[in-house]
Amino acid sequence: AGRDAINVVGSSTVFPFSTVVAERFGKSTDFKTPKIESTGTGGGMKLFCAGTGVNTPDMSNASRRMKKTEFEMCQKNGVTSITEVLVGYDGIVISNSKEASQMSVTRKELYLALAKEVPAKDGSESLIPNPYKTWKDVSPALPANKIEVLGPPPTSGTRDAFVELVMESGCNSFGWIKAMKKKDKNKYKAICHSVREDQAYIETGENDNLIVQKLSSNPKALGIFGFSFLDQNSDKLQGSKVDGKEPTFEAIADGSYPVSRPLYFYVKNAHVGQVPGIKEFLDEFTSNASMGDEGYLTDKGLIPLNKDKREKVRADVLALKPLQL
Amino acid sequence: MSDSTQKVINSLKKRHRKEKVFRAAGATAIGFGFLLVFLLITDIITKATPAFKQNWIAIEVDFQPDLLGIDGLDLTRLPKGDYRTVLRSAIFEMMPEVSGRRDKRSLFGLISSSAEFEIRNHLVANPADLGKKVTVWVKVDDDVDSYLKDDVVVGEPGIRISEKQATWIKKWVDSELIESRWNSEFFSLGDSREPESAGVKGALTGTFYTMLVTLVLSFPLGVAAALYLEEFAPKNRWTDFIEVNINNLAAVPSIVFGLLGLAVIINIFGLPRSTPLVGGIVLTLMTLPTIIIASRASIKAVPPSIREAAMGLGASRMQVAFSHVLPLAMPGIITGTIIGMAQALGETAPLLMIGMVAFIVDVPGGITDPATVMPVQIYLWADSPERAFVAKTSAAILVLLGFLLIMNSFAAFMRKKFEKRW
Amino acid sequence: MSDLSITEALTSDDIVIEGTVGTTTAEDAKMSMRNVNVFYGDKQAIKNVSLDLARNQVTALIGPSGCGKSTFLRCLNRMNDTIPICRVEGELKLEEQDIYAKKLDPVLLRARVGMVFQKPNPFPKSIYDNVAYGPRIHGLAANRAELDEIVVSSLQKAGLFGEVKDRLDAPGTGLSGGQQQRLCIARTIAVSPEVILMDEPASALDPIATAVIEELIDELKEKYTIAIVTHSMQQAARVSQATAYFHMGHLVEMGKTEQIFTNPTHELTENYITGRFG
Amino acid sequence: MTSSTLIFVVLFLALFSYWYGIQRSIKVAGGATQVKKLVSLPRQFGLLTAMWCGLPALIFLLVWTFFESTVIEALLVQSLSVEVQQLDQSALGLYLNDVRLLSDSSAEVLQKADPDKVFAAEKLLEINRDAAWLKSGLVLILCLSCVAFIISRFAVDFRARVYLEKIIMRVLLACSIIAILTTVGIVMSVLFESIQFFSSVPPWEFLFGLEWSPQMALRADQVGSSGAFGAVPLFAGTILITIIAMCMAVPVGLMTAIYLSQYASERLRSYAKPMLEVLAGIPTVVYGFFAALTVAPFIRDTGEALGLSVASESALAAGLVMGVMIIPFVSSLSDDAINAVPTALKEGSLGMGATQSETIKQVLLPAALPGIVGAFLLAVSRAVGETMIVVMAAGMAANLTANPLDSVTTVTVQIVKLLTGDQEFNTPKTLAAFALGLMLFVTTLALNVAALKVVRKYREQYD
Amino acid sequence: MSDLSITEALTSDDIVIEGTVGTTTAEDAKMSMRNVNVFYGDKQAIKNVSLDLARNQVTALIGPSGCGKSTFLRCLNRMNDTIPICRVEGELKLEEQDIYAKKLDPVLLRARVGMVFQKPNPFPKSIYDNVAYGPRIHGLAANRAELDEIVVSSLQKAGLFGEVKDRLDAPGTGLSGGQQQRLCIARTIAVSPEVILMDEPASALDPIATAVIEELIDELKEKYTIAIVTHSMQQAARVSQATAYFHMGHLVEMGKTEQIFTNPTHELTENYITGRFG
């Protein structure tokens, strides 16, 4: 028999949301419940862009926008028409155990604490290997704890978002580096996006729950992960203030908390109408009941789009408007 | 007393001390092993117990055709009704004092999101209830469930039940609308994103099929290969080389087998991704060395005199191998199989590569249906944000261990049968 | 310690043994061996031995411990194949058939040339199954009743039946030493091979059991050809028609049993025979 | 008939042929009383017939199943419109998938569907039906003709056993070849990718470099790390963790085996052994959590209480937990090996007045050495190749240290890290995973060769 | 088959054996056993046997195969402990010491009461290590030279040294049957036990080697107490001072060897002795 269920691959961050939709979709329609694999955003994109056909996935979840390179790879492999679905937002939180005191950091401090190379302390326009051992070294206001941050590896979309939103903006607080962006983009990126490789930043696989649990057993460490994990574990963990803002549902939704990123998924238009149920699945996903302000996805920690945006997304998606990058 | 007896006596004290120490070391080792098993299992059991109970709530549902959007005649439309609205109105009717959008929303949040499907199933099963008002039991939300299970103080940070919700729940409990039941659905449902509706049936079935494929492939293959290499193959550099290589295979990180599975079994042979068939084949590759190594060792241990005796009677090498060597080597072969299968049963890494780390709700019906297996299910649940999955994870581990125990005790029974000392 | 020096004299290297005294050929040879050399690794255990086993006759192989009797016997049904370091050279024939020929099936050979080993090696199976094993694989019994009959009669012939008749399904490894030895004899005769090689079949047996076995051998030789290794001169004298005396891998003397025992030609044989104690 | 029913039919036929072969052979012999005339046993005739009946048919089925879908697809496409034929590969695949789904669906759905596709679906059903008939027919004919052929050769002096054994031997050989091919396959694939890797990273840098930082950019627009591929820290880490694991597993496992096989009562033994084997089957994810969340913090806190500086992801924690997992590998396999030593040897030693432990140490263990070394190797191999535990509990950063309280990373962790999220083998980053795999392979190869030598040298062949 | 019926008569159940003829007590008993019963599971292998082993004397145990000689012998140094289904009852003493007493150390017992098993069971070690094993574990040699001496002299006494002197580090399992048997004897005497139990020590030996062993036994009895199981009446007559005749688990008759062989009292003993062949 042929393939009768939708196949989805991609981000582990979007996985919890897309599975909820899939489950309801399976229960409330005659279609089979879609099969959703958690491969990480990058891995998902590779599978997704490998071509069209029954053996390739129909959709790919992503915790960041599709990159131009990926888009080109898709085009090259015959995945020419892609629909992009913006699902909502996810806050990235920096949190620690409740046993420790709540941290309040700025993005600049985070950059200084985690970058591989940082501007020299004397203020000259040169870079030195990151000398900071404790938070106090970074800023006297911070505690004298060893810098120990558990975070995602480069394969993860969370890492990409963190690097762009936190590190880069922290980087930009140094004028001379910011100025470099125009002159030598690659060098700029190398400075701002490189995370230190000594013990201070500990890559902890793609397993956010493990980070959560490691944090509760190690009060001195900080962890980087999606808001929903903090939401579910608020008895054990607390989010650090970033630039003075607490990571709350509201703060992320209204954009005042600075570190949040959009979540997407991508659909292969060539499969619509061939693999049964794709249209209906899109309909369900973008419906008010799921993505809306009070939709069931918000129960799972998704920060919803505002109404106008949502309606526009829904209209575009149902029309299968091809993505242009 | 002779001279040497005296010497023996002189040496005895020390030797007996050594003997005692040695024996005690053995007892300690085994005690330590037991302790570990005991600790691990009690830890898992304590964590798992909440998962075996589930709170249900009785709701008076009014199946009005117009609310459902069904006209009473076409029963085939029953499953398509708007049960969410019906459910909402039933709950709000139950708690007339709740008003305001926010409060209503948080009230509705106390019921499992699977409830609307439960009442739908009820109506589909009892079409006669259309238009009537009946009591239907539905599950409460996982947050409520954990709130009811752990006695915690509302208002404490992290308790995901607000004080208002707590008073509503208290009202339900007081009026005995809530009932804690044995969570049989844990064994009869597939995966779900709602902890209260998540079950292990899908993963367990997947594990069963995967293990079946693994056993059916790896046991005969492994034993046959071991038998051939040990009893029939000429003993030369080549066989040495092969032996060393097979031994070596045991050290290949399991994820590499996953890669091979991906590259060869899925990409070249085109077998379907995420299926027990592919999973079983990949795990076979992983188990095979274990079985071969153990089998070869125990075939080697069969004393040559037994072989000679049989050969002297005119038994062919094949007959010697099958009627003497194999039965005598069987305990060791079974041990290898037990260990190899146990390892396969608990393995996750190679399955990551072949798409078995997936959200699959439907219970697989065969070896070519998409499926996950228990360790993957455990892995996925362990990585879910919902707190209630912690208990589910442990419960799933327990189920897996149960599966393992059943599998092992059968094998251990077989091993016992073959065991002989001579 | 006079006898110690005898042994040492017998085993020391400076005795040169050349050729064989007496006749090694038989008129009606069932098996005939020519220039057999056997090596365990570098060590040569059989040195250029030639002898015939005459049809329907019992040939006794005698000689001091370690002289190569077992080794020679094991060549005759290619049991030495199982010892990796063992190498056999020479011409060995069973009724004109080269038994070391490539195309020869050792399985068939062993079914025709049965063997009772020096150390009793019962299978870790029941007594019944031990004896029934051969007949089963060779299909000697058409049905269970026939098989039962073979088992019972073999056990009876080996003089074991009386002792084990009520525990035929007890393990063969739980028998006494002598019982195990008789079990192995029963097991071998159950397949009625054409040639029977017996390596000290009565070493663990009491006189009465020995008598039973000797009588069995006597009876068997009517139909079969038999080679027997024994340390008992009396036994050799009683059961065999021809005797071969081995010494340090050499076949020193061979001839009619009477002649060997009454009138040995070679000095070594005479020393061995007359120094008799058994 | 579907393939699975067909398999059952073939198996049933084989069973029947077994019986039939026996009957024929008896007949050839001239009746039940004459069976002794046969050179081989009736049972062997039966088995031979069953093999001839079953094996070719099953092989045929396997081949058929392998090619079936491709052939059917080709046939189907031929009968479809030109437009469809001209679709490209993947579009055609999707089209056919839909057709396939249609062919399974109800009339109601068909009514609504595209008539071209409905036509195709009907065509497909037809082809499928024909194919099923053809397949069943061919299989049955194959069974019958093979049986007929082999039966026709039956004679009193037909050496059924020899033929049977030849077939079994081939089957055994085939099985070993499969096992060997897997090995070769894995070695080859690892080798090829490694060669590719070494063409961009010089081997000496990989082998002797002290810095490991392979997370190069995944895409052109990403910034990764420097791309240093010095694998020494990884091997040091792997060795450290393996040693810790073996320090845990070998004494406990071996002593357990000894206790179970020599001291424990039969009853204890029959319970304890399966009980401990449970340890091998606990999902490694669970061990991973246990190591990361229970053992590691415990070690860190104890260490800190003692004034030691202990990393949160100490090698010790991962190693110990891994050791627990492999205890049964050592204990169960060694137990079997010790048990296989004949009692006569044990009695010989005890009879000399040796104590139990002397007997064990000086007679039983040396005699059981090959089995024990095998168990030991398997355990080392498992420790070296284990992934999940170290991914969760060991560090990710490549430290070069011998201090078990420090954090180290292992080869497997890095392999996982290199491969997740990116499975295209074209960058040094992903290829490095294979080079690591190869190195792992070479190291354990050396270990195995050494073990083989040791066993050869000290092996005590008992009898 | 007349002899077959003899065996069957001997083993059939309707012969009733009551008590023991002759004396079972010795004036100067090194070991004394009273009312010993041994069971393998339900099967009783030794029935109410009482006998003494006199100091510095060789006691021969004779009787038909399977009558319980080995079983009885194995009780004397508690080797039967290793057979799970075996149960021993009765009073067994070594110099007034109950050898089945809880507090008795079987290790010391076995060092004092050595045993040569019926089936040779050399360790899969080198010949040297086989013999050195006992002295090593008991710490009998202070240094390597002493150990070498013990090994060489034990091998010499067992009459094996000449044959193996140039391959002391070859494995003991690669020896011929008779060589293995002598190796096991050498191994046992190397620890100089006070009592030596020998279960058919010469069964696989040629007359000359047998003579060496018998001479050894004769020599050993000067210092030690010896019990020997043998099937050869001649051997029993030659080496032993006392003889015990076992039959189907019963001790039928015991007495001075001369008396037993010349003038047996019990009919069964007489049947056995006179039906002698060995």
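The first chain written gets the first letter, and so on, giving A, B, C, D and E; residue counts start at 1 in each chain.
Throughout what follows, a residue touches a chain if its C-beta (ideal position, glycine included) is under 8 Å from a C-beta of that chain, and two chains touch if they have at least 3 such contacts.
The chain list, named the UniProt way, goes like this: B = Phosphate transport system permease protein PstA; C, E = Phosphate ABC transporter ATP-binding protein; D = Phosphate transport system permease protein.
Worth saying up front: this structure is predicted, and the values here are computed from it rather than measured.
Participant: Going by the touch criterion stated earlier, list every chain that contacts chain B and also contacts chain D.
Facilitator: A, C, E
Participant: Starting from the defined contact criterion, work out which chains touch chain B and chain C both, please.
Facilitator: Output, common partners of chain B and chain C: D, E.
Participant: If you average the Cα atoms per chain, which one ends up farthest from chain C?
Facilitator: A
Participant: Based on the averaged CA atom positions, which chain is farthest from chain E?
Facilitator: In terms of C-alpha centroids, the chain at the greatest distance from chain E is A.
Participant: Which two chains does the highest number of contacting C-beta pairs join?
Facilitator: B-D
Participant: Using only alpha carbons, which chain's centroid is the nearest to the whole structure's centroid?
Facilitator: If one averages C-alpha positions chain by chain, the most central is D.
Participant: Using the average of all C-alpha atoms in each chain as its centre, how far is it in Å between chain A and chain C?
Facilitator: 84
Participant: Please compute the C-alpha centroid of chain D, do the same for chain E, then give the distance between them in whole Å.
Facilitator: Taking the mean C-alpha position of each chain, the two centres sit 53 Å apart.
Participant: Nearest whole angstrom, what separates the Cα centre of chain A from the Cα centre of chain D?
Facilitator: Comparing mean C-alpha positions, chain D is 36 Å from chain A.
Participant: By residue number and range, which residues of chain E touch two or more other chains?
Facilitator: Within chain E, residues 107-108, 111-112, 119, 137-138, 191, 193 contact more than one other chain.
Participant: Counting only residues that touch at least two other chains, what does the list for chain A look like?
Facilitator: In chain A, the residues touching two or more other chains are 39, 55, 207, 210.
Participant: Residues touching two or more other chains, restricted to chain B: which are they?
Facilitator: Residues 8, 15-16, 19, 304-305, 316, 328, 382, 422.
Participant: Hey, which chains are touching each other here?
Facilitator: Pairs of chains that touch one another: A-B, A-D, B-C, B-D, B-E, C-D, C-E, D-E.
Participant: Would you tell me which residues of chain D are touching chain C in their complex?
Facilitator: 32-33, 35-36, 38, 40-43, 162
Participant: Where on chain D does chain A make contact in their complex?
Facilitator: Per the stated touch rule, the residues are 88-91, 93-101, 104, 213, 215, 218-225, 288-289, 292-293, 296-297, 300, 311-313, 391-392, 395-397, 399, 407, 416-417, 420-424.
Participant: Taking the complex as given, what residues does chain A use to touch chain D?
Facilitator: Residues 1-4, 39-43, 46, 51-56, 67-70, 78, 116, 148, 153-156, 160, 163, 189-190, 192-194, 197-199, 202-207, 210, 213-214, 217-218, 221, 270-271, 273-276.
Participant: Which positions of chain B touch chain A when the two form their complex?
Facilitator: 84, 105, 109, 113-114, 117, 156-160, 192-194, 270, 273-274, 355, 357-362, 370, 380, 382-387
Participant: Using the touch definition from the top, list the residues of chain D that touch chain B in their complex.
Facilitator: 66, 161, 165, 168-169, 171-173, 175-176, 178-180, 182-187, 189-190, 251-256, 258-260, 262-264, 270, 272-286, 289-290, 324, 327-329, 331-333, 335-337, 339-343, 353, 355-358, 360-361, 368, 370-371, 374-375, 377-378, 380-382, 384-388, 391, 411-412, 415-416, 419-420, 423, 437, 440-441, 444-445, 448-449, 451-452, 461-463
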